[in-house]
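Got some structures for you, see below.
First chain A sits with chain B, and in the next complex the same chain sits with chain C.
After this line comes the complex of A and B, so read on.
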């Protein structure tokens, strides 16, 4: 087991190297001279081409791509992700303050999605082709098709503008005031959770449908187990395995969706940090955000794979 | 799989006849496909909605008396009425008109990323699956890495770094889609390449390129079509999202995503400004998803509900 975990952890290293290298190359190729991002305009104003080249040399911008990447990597390995070109803050500090916001948003969205989707999915599987099943399936397809930024606006319009039930924006840290924080998280969480809810609902339905036709379900019924016990004890546990996988795979979509949602609801999370940084070409911040989000995604999927082994004794990893 | 691939597989007849029979079986296979596709209600609904949007986009000038771009300051932010039945925006432009014209971007632009990701992805998958060795490792590792960055994030990074405009947004969406094609084509290529009829044609002295295009490619077309049809909805959504964030099309050209973004600023005063274009995206994507699901079920009943 420990060997397996170590092997999986080692396998993430090349992925992270390639990901950061791709992003680094993109930034290298991006139009515009990076020197203007590092130096004030007044400083470069009136400099001759030769002086500019000297400045570039001083800042290391004339080195080949691979050397500059190696330089970034060397510092990154020591926990130094550079400083933001705007304000000069440490990128790692900015990420540290943004990370919990995005994680809270993602985790609450998962909880929301599961609480809604699993009961509906089970119901739909137990009564296939019923009205409820059709409604559930339509909801699921609708949930996948609705643009999340539009859902966000609909919810804000309904709950904040029309009904004045919830605040539409503003952010309070979880550590400062928990009720106020949760109140402001309701709409973002629902918006972000809808997509996952749709996938979980479909997966629960098809998983349950498949399991309910298995021999061991018939056996359980034959020995006189009550229907509720058959459904929840015998079928449910087995049907939940694919759902677990979906959560892992969809976690990336959640982190991506968070970029948009955080922007709309003005939440100071990683997505918003990254998006703002893209617009002003704050390369160190962009690189840091991509690194942390990718790392979180890979970690969650590793955890899911390990849980899989715990939940299903048949596929204990060797 | 249809009769097409079967006749492809091991037909010993001379070339002309092969081509003839392939043509014929293609036609019947096509009919069979359509019959299976429209057997169920949801793909039919999807097709109707898609066709309506297409007609709206193509014949927009005939379907509305207004101009999508020229402002009309006497009709600013009017609620839906008989003159403007979806209302007007902050510059007095008719929303229904802008949605029709916006469809031109939102629908037709979807084909550019589709072409980019399928052509690059299929090529890379075929190369990795036939050349093998270090080339295979590098290509597939890069694909794995691309798949481990959340796709919206990667699109935002690429589109943002290339510079905010429609073409760059479409390129970004296209690049992000490459890995899915590469992976499935790679897997299919590996399995097809080991089959006996392929080994036999190789033994008969056929070149690697010939085997690739005549034996392997026809066998991977079904999964390629399935991925393509399932991804169009996502592409439309992605373009709308990038435009919403200001990374896609720039004003004044209308696109559904940017219209929602503008409407966002007037949510309290003029909610119809964001509701109407958002509903257009929603309907279009749902319709395309219905169709995509139908295509998948029709091409491969086994995959139903699994992809």
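After this line comes the complex of A and C, so read on.
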């Protein structure tokens, strides 16, 4: 078990190296010199080439790509992710403040998706092709198809503008005021969670449908288990395995979706931090954001695989 | 109180239909039978005969689109068919319980086996946790699971098939039910494990006074276990009789055909009497007798009525009933139809030949032993590495085949027998280099197969073909079967398109199919037809040698004989050499000239068929043969029941690999591996205790 975790952790190293290197290269090749974005246009006009070169040199931007990457890597390994080109703040501090926001958004979205999707999925599987199943299926397909920025605007219009039930945007830290924080999280969470909800619903439905035809379900019935017990004790745990996989895989999409959602609802999370940094070619910040997102994606998938073993003894690693 | 006179279970005119998109499948179509207290009723039939649906109907476990349409199921005098689900829940698992064919998939993979047995007590008794634990462990002990206190914590995947079936039996018998329904309980198990499980069911049934409905397609199992037998065909019971009567004087042409079509261990016939055709589609059955289309008696006696009117199940002898127009009722007197001669009992059942006398064997001569050697296998090894640890190093090897040598002479059939995991299929595939060998050599027709380049190998593949076990999985579902057969020809650039077409049609005819079948897709064929297609595909390249890897084990009994006869005919016509891999000793005895027995990656015995079956030397061969149920209830065999399971090929026992289960094992067997040597002329065995 421990050995398995160690092996999985070791396997993340090359992934992290490759991802950060690719992002580094892309940023390097992208048009636009961070110097121009760093200083105002009028000021740049005033700067001589020499002065600009000096600034580049000072920031280390004139060195070869591989040297810059090596330099970044070396410092990153020591926990130093550098400073933001604009503002000079420690990148790690910026991440520390943005990460919890995104995590809260992502985790609440998962919870929201599961709470809604699993009961509907089970119902749909037990009564396939019933009215409820068709309704659930339409909802799921609608959820997958609707672009989330559109859903967001719709929700804001309905709940904030028309009904005035919820604030349309703004942010309060979880650590400061929990009710106010949650109130402001409702709409972003629904928006972000809807896509995951749809896929979890479909997965629960097909998983349950398949499991309900397994031999061991017939055995459970033959030994006199009531239908409720058959469904929730014997079938459910087996049907949750593919759902778990979906959550792991969709976590990436969730983080991607968060970029848009955080913009719309002005949440100071990783997505917004990263997007802003890309606009001004703030290399160290972009690198930091990518690193953290990759790490959390890998971690979530490791946790999913470990949970898998917990649910299904056959996959338990010796 | 239930009347002791009335039968425990009485099923009257039961109809269970499935409402599918293709139409109404009349899976059970008017079935009548009873089970008395403590008796074993054998329910025998091929796939689609309705035997499983009958049993699930009794349990009221038919789900949509199926439905019990009409009929009466009286259990202990109570009508089950009208009971509410709430009432049924208390009967299932308590008074009536059931065990199934695939023990491992019938157990829930995410709970321990102990928990699953304990659940029965939880559901039907008021015992407390501690008491349930004790009873569960007790049940594990009762069904003969070693180290029960530990094994209750094991998950299904940590158990062998035999152990899993023991757990199922523990679950089924936990509350001493009045009726146990066993649906093909040993079909998925190896023959030595089957013997253990049948023995267990027999003992426990005596001990608990449980009646049993034993559902199986295996007439040998029926003969050994049942008190009374009901034969099912296409949703109906066609004959019902006490077991001795049924095997001695079968009255229905289907029963007679079935008994004549199975190879019987110890009895060798030139040809099996196959029943023509296949089990009919249960949607839109034509009027008349369901068996009419395949019935030879109907033609023989020129009966016309069979095609128009369904016969009744009539009393045709003491306790014997048959549903056939050959027998007519005249008021309360039943007699064979005028002009119908008493039907002769088939040979298979009339020759009580366990391990047969010489003259029976002599009926079919084995092929010449002077022919030249076509295939020479020397010290073949095939290991599968098991990786582990952080660096994924090779931690151990599964020694699937571990040093096996044998030869096959041109024109003969070598039967390769053993239980699952013994390496028999691996040998077949490694010889063809479908898998790369670990070590050893194979000479085919003088050429060294293992040193060949890809290009040379391609040429060789024309001469060496394979017929696979699963006729459903081995044909590409998106290709017309003509294309599937043509593939091999194209790869080898044989003929023009026109010539290839001729070859395909020729091959289809040879295997008993029609020209127009070439344009059809695999799903349009039955299992038996698909296996014929598989044979046609192998044959199209005009090979010298064919590996037949369990070619009939997925087929119904009556279809099995058709395919075996076909393989025999083709061998004579095309001068083929077969390596026939199978687990069924009776089938191997029927088709082979020489037979090799495998155990855990080693060959333990090799001899001509007659020598091997008449005078088996190795204790494993002997126990294997004694474990095969013979379809003759009058035969009381001296059975050697092997203890335990086959050990893991990952860490096979030291010395002789069979010593852990061998009744003859002495100390030397644990230390030293016995050499595979010629104990009698042309009779090889690996055993210290055989001189």
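Quick note on the criterion: the second predicted complex is superposed on the first by the 287 of 318 C-alpha atoms of A that agree within 3 Å, B and C clash if a C-alpha of one lies under 4 Å from a C-alpha of the other, contacts with A are read in each partner's own complex, and residues count from 1 in each chain.
Going forward, contacts are C-beta pairs under 8 Å (C-beta built on N, C-alpha and C of every residue); 3 or more make two chains touch, one makes a residue touch a chain.
Owing to the predicted nature of the structure, the values given are computational and were not obtained by experimental measurement.
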Chain B versus chain C as contact partner of A:154, first or second or both or neither: first
First, second, both or neither for A:146, with chain B first and chain C second: first
Which of chain B and chain C A:264 touches, first, second, both or neither: first
Chain B versus chain C as contact partner of A:234, first or second or both or neither: second
Greater chain A contact set [chain C / chain B]: B
Contacts of A:223 with chain B and chain C, given as first, second, both or neither: second
Partner chain in contact with A:85 - chain B first, chain C second, else both or neither: neither
Touched partner set for A:298, first chain B, second chain C, both or neither: first
Which superposed partner A:246 touches (first chain B, second chain C, both, neither): neither
On chain A, positions contacted by chain B and by chain C: none
Footprint of chain A on chain B - complex, ascending: 141-142, 144-146, 148-153, 156-158, 160-163, 233, 237, 240-241, 244-247, 257, 260-261, 263-264, 267-268, 271, 274-275, 278-279, 281-282, 285-286, 289-290, 305
Residues on chain A engaged by chain B in the complex (per definition of touch): 14-15, 18-19, 22-23, 26-27, 29-31, 141-142, 144-150, 153-154, 156-157, 161, 202, 206, 252-253, 255-257, 259-260, 263-264, 271, 274-275, 278-279, 281, 286, 289-290, 293-294, 297-298
Sites on chain C touched by chain A in the complex: 59, 61, 85, 89-94, 97-98, 100, 102, 105-110, 119-120, 123-124, 155, 157, 168, 171, 389-390
Of all residues in chain A, those that touch chain C in their complex: 3, 6-7, 10, 214-216, 218-227, 234, 237-238, 311-314
